[in-house]
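After this come two complexes, each holding chain A, first together with chain B and then together with chain C.
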Partner chain A sequence: MRDVAVMGVGMTKWGELWEKSLRNIFVETALQALDDAGIDKIDSMHVGSMSSGLFVGQEHIASLLTDYLGVNPIPCSRVETACASGGLALRTGFMEVACGMSDVVLVGGIEKMTDVSGSEATYALGSAADQEYEGYHGITFPGLYALIAKAHMEKYNTTREQLAQVAVKNHSNGSLNPLAQFPFKVTVDKVLNSVMIADPLRILDCSPITDGAAAAILCPVDMVKQKGKPVIKVTGSGHATDSIALAHRDDITWLEATYQAGKKAYGMADKKPQDIDVLEVHDCFTIAEICVLEALGIVEKGKGGEAVEKGLSSLDGKIPVNTSGGLKAKGHPVGATGIAQVIEIVKQLRGEGEKRQVKDARVGMTQNMGGSGGSTLVHIFEKE
Partner chain B sequence: MSLPSRYWREIPQRYRLEAYKCQNCGAVHFPPRLVCSKCQSRKMEKIRLSGRGQIVSFTIIRVPPHQFEDQAPYAVGLAELEEGIKLTAQIVDCPFEELKTGMKVKVEFRKVFQQGESGILCYGYKFVPE
Partner chain C sequence: MRDVAVMGVGMTKWGELWEKSLRNIFVETALQALDDAGIDKIDSMHVGSMSSGLFVGQEHIASLLTDYLGVNPIPCSRVETACASGGLALRTGFMEVACGMSDVVLVGGIEKMTDVSGSEATYALGSAADQEYEGYHGITFPGLYALIAKAHMEKYNTTREQLAQVAVKNHSNGSLNPLAQFPFKVTVDKVLNSVMIADPLRILDCSPITDGAAAAILCPVDMVKQKGKPVIKVTGSGHATDSIALAHRDDITWLEATYQAGKKAYGMADKKPQDIDVLEVHDCFTIAEICVLEALGIVEKGKGGEAVEKGLSSLDGKIPVNTSGGLKAKGHPVGATGIAQVIEIVKQLRGEGEKRQVKDARVGMTQNMGGSGGSTLVHIFEKE
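Let's look at the complex of A and B:
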């Protein structure tokens, strides 16, 4: 296997982009990644998108996107593992470069979510759960994570305030990220008084509906060196699955797929949780960040709430988590999220984190999760 | 809107709580599955669930998907049945303030939602306090 590096990244401002179409949002972002890498030719593309069919009625976006990027006839695949689609695009591109099939691969993610009403978007997102045995009974995604939150609170004495502190921390980080959809701070009080969505989760516990894309250019490490660019290597990749239905897990507070994907990535990169300097995780809901930190071994089982309360995961903490603002503040255009996490880590490792730069960051990790935890991708990046 | 076949093929599970029990390791699967997720055996026997259990976790859905817009707010819970398996369904006939984890419930046959004005009425199971 060849060593693989991220040569360029691109991301435009996220939000409710009513004036922009799916194809144009993606092309703008991809062009930025090409410019950042200093190249104009790619060998292939992999793009993560959860549900372009339900959100804009458009399937077959692999060829739509190569066409509008002006790179036909290169091969392109659209990959999908719900909210982890972006992470899967990264892994697919990583494997292609590592095995030598291609040299320069663009990996991206896109979701255009505001062309449908809120309840239709809720329905589309719900299709990442078991439609026949969860969705059929009226449970939504906030609802599934609410079931996890309630169980975590009862089992480990995790408090409502600790959940709120995840949102407060991520919004504080997001206020330093000009590309974030909601770059403003919130207080614990504001979170606790926001509208209830699915008890005990309130709207400020939930990631938003967002239009956005993200793209990165992968290539062999040697090529980045020849170009004299900073070398950010992908040193670990893990991918695992779990039951699609939350009900079918022995312990609904434990994210087994995240644990398994983390174990693979740590093993491949020969790293331990304490080696990670900066971490982007899938905080689709505040409770998710708490459970993910436990499953990745950053904290012990049941201690995820304390991590945020005691400042372990804050920007100046021992392991800063979601310096970008996370899904919570940066936004969550589902298929793009996994790639946006990579962009934040690359910026941190390059020292381009601006006001949210983590000092001396050399090793970064991303964790991108689909559904209520039915699939997870974990990647580790190192600065050479 | 889906055609009725998608609905009626699930009737044995939704109306009669039919599950599969692995003949090799004894694991119970609901809904039925062709391969045991515990031991990979393909030998299954059909059983009917007792329909008795207790609530493991619950929530109140205040922002529903469009098919449930006329019902919100409503409670949805996860219940562990006597057979050791968990099910997701609405909890009804119980004021929200009386919901708690550990409460005993039984599974009853109810209307779940309807597919619009001229669509089919979709039935299934809900939890009611015992």
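Let's look at the complex of A and C:
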């Protein structure tokens, strides 16, 4: 297997992009990644999208996007594992470059979520849960994560305020990210007094509905060196699954797929949790970030809430988490999220983090999760 | 890159499987592939599905299917490129084994299409076309392929009877395949007098709506040899795209993505069209098979209709095409079709083709196409 690096990244402002269609948003973003890499030719593409079918009635985006980017006849695959589809695109592209099938591969993610009504979007997102055993009985994702939150609070004495601290931290980081959908700060009080969605989760515990795309260019390390670009290597890739329905897990506070994917990625990169300088995780709900820190071994089981409260994961903490603003503040166009995480890590490792730069960041990690944790992708990146 | 072989295959009877859900159909099929390979452990899965979201309201089948097959926490990706999703699963799994990320990979395809109404199914299938420029103006897939047929008849004097001959041949083959949805013979007269769908295509020119799955086990060639199983190598893989909308092509009778994917696969396997002993192609409509034979270089441009009429592609012809019955008679659960093609080729190369066995078949090829040809996967297989 060849060593693989990220040569370029692209991301445009996320939000409710009613004046742009799925194809426009993707092309704009992909061109930016090509510009950043300083290239005008790619060999292949892999694009993550959770449900372009349910959100805009369009499948076969592999053909659509190569067509509108003007790169036919190159191969393109659309990959999906719910909200971890972006991470899956990265892994698939990584394998293609590593095995030598292609040299320059664009990995991207896209979701156009605001063309449908709120209830249609909720239905589409619900298709990431077990529809026969969960969705059709009435539960939606805020409800599933509320169950996790309740169980975590009961088992580990995690407090409502600790959940709020996740939102406060991520919005604080997001206020420094000009591409974020909601680049403003919030306070614990504001979170605690926001509208109730599914007890104990309030609206400011939830990531939003977003239109957006993200793209990155992968190629062999040698090519990046030839171009004289900063070498950001992909050194670890882990992918794992868990039962899709929450009810089928022994302990709903424990994200087994995240643990397993993390273990694989750490092993492949020969790294430990304490080696990670900067980390982007899947904070679809505030409780998710807490559980993820535990499953990745960043903190002990049950200590996720306390860690956030004590500032471990703050921008100036020991391991800054979600410096981009996370899904919470940056937005969560589900298929694009995993690639946007890569972009933040690449910028941090390049030293292009601007006001949110983590000092001396050399090793970064991304954790991208589907459904209530039924699938997870973890990747480790290193600056050479 | 390591040499990759197909160690086992599984497919159950296709049809309107109202008593089974998507997860049941997949598990049954996957277990059969594991049995055929003589193994009980896999490292990873890639499953093609065109639109589990629109057909059964379920995305995230990567988590669902590993869960119900009982193989968590192994990685699984769902891949999609419309009706070529199965072929894409094969290619993705091939890369994973070739690059050494995994040893034993299950590649599968599934579609559960009959749980929705006919109009909902038509809408779901239409999402493989350019919804903004084609679908929302009212055209559906029979209409798009009818345009191709009209153009081919006009340009090359292809006859209505030649189109019918494709259906007659494939139903004749399908009558020998116990797993086919419609295992009966039809006559030219019957095709010509069947219900008109989109002039000139009649119902017996169209592949059906089907529930079904297919699965194959890929692994390094050395492992197959160790097990003493027949060695069926994957020696060529080509994947290409074309404009998604028919109107954006210079010549709608020419399938450029099929030509490009074929060129790649032939080059990789160091084979020519005349080296192919048995071929499964994407006959979603009778005209499609004719155009595909031309794009793959099996016959000259414009000679596809004549070739079928003269028996070139018959079971006892020079290059038997769609010995399984093709999409036409075997059925077309869209995401599964590309893997079912692999299964037929593997059976032919193993000499397990039963009443449809092609004598001395050593080199086989599959061509799996998305939409009106906006994406295509071509693979070449060789018996060692």
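Note that the second predicted complex is superposed on the first by the 384 of 384 C-alpha atoms of A that agree within 3 Å, B and C clash if a C-alpha of one lies under 4 Å from a C-alpha of the other, contacts with A are read in each partner's own complex, and residues count from 1 in each chain.
In the analysis below, contacts are C-beta pairs under 8 Å (C-beta built on N, C-alpha and C of every residue); 3 or more make two chains touch, one makes a residue touch a chain.
Fair warning: this is a prediction, and the values are worked out from it, not measured in the lab.
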Determine, under the contact definition given at the top, whether A:135 touches first (chain B), second (chain C), both, or neither.
both
With both complexes superposed on chain A, which partner does A:79 reach: first (chain B), second (chain C), both or neither?
second
Of the partners chain B and chain C, which touch A:147 in the superposed model: first, second, both, neither?
first
Is chain A touched at more residues by chain B or by chain C?
C
Going by the contact rule set out at the top, does A:247 touch chain B (first), chain C (second), both, or neither?
first
Once chain A of both complexes is superposed, is A:123 in touch with chain B (first), chain C (second), both, or neither?
both
Chain A residues where the chain B and chain C footprints coincide 123, 132, 135, 243, 245, 248
Along chain B, where are the residues that touch chain A in the complex?
10, 31, 37, 56-69, 71, 74, 76-78, 85-90, 101, 112-113, 122, 124, 126
Would you pull the chain C residues touching chain A in the complex into a rising list?
1, 21, 23, 44, 50-51, 53-54, 56-60, 62-64, 66-67, 72-82, 88, 91-92, 95-96, 98-101, 123-124, 127-132, 135, 237, 239-245, 248, 256-257, 260-261, 370-371, 374-375
Given the complex, residues on chain A that touch chain B span 117-120, 122-123, 126, 132-140, 142-143, 146-148, 150-151, 154, 195-201, 243, 245-248, 252
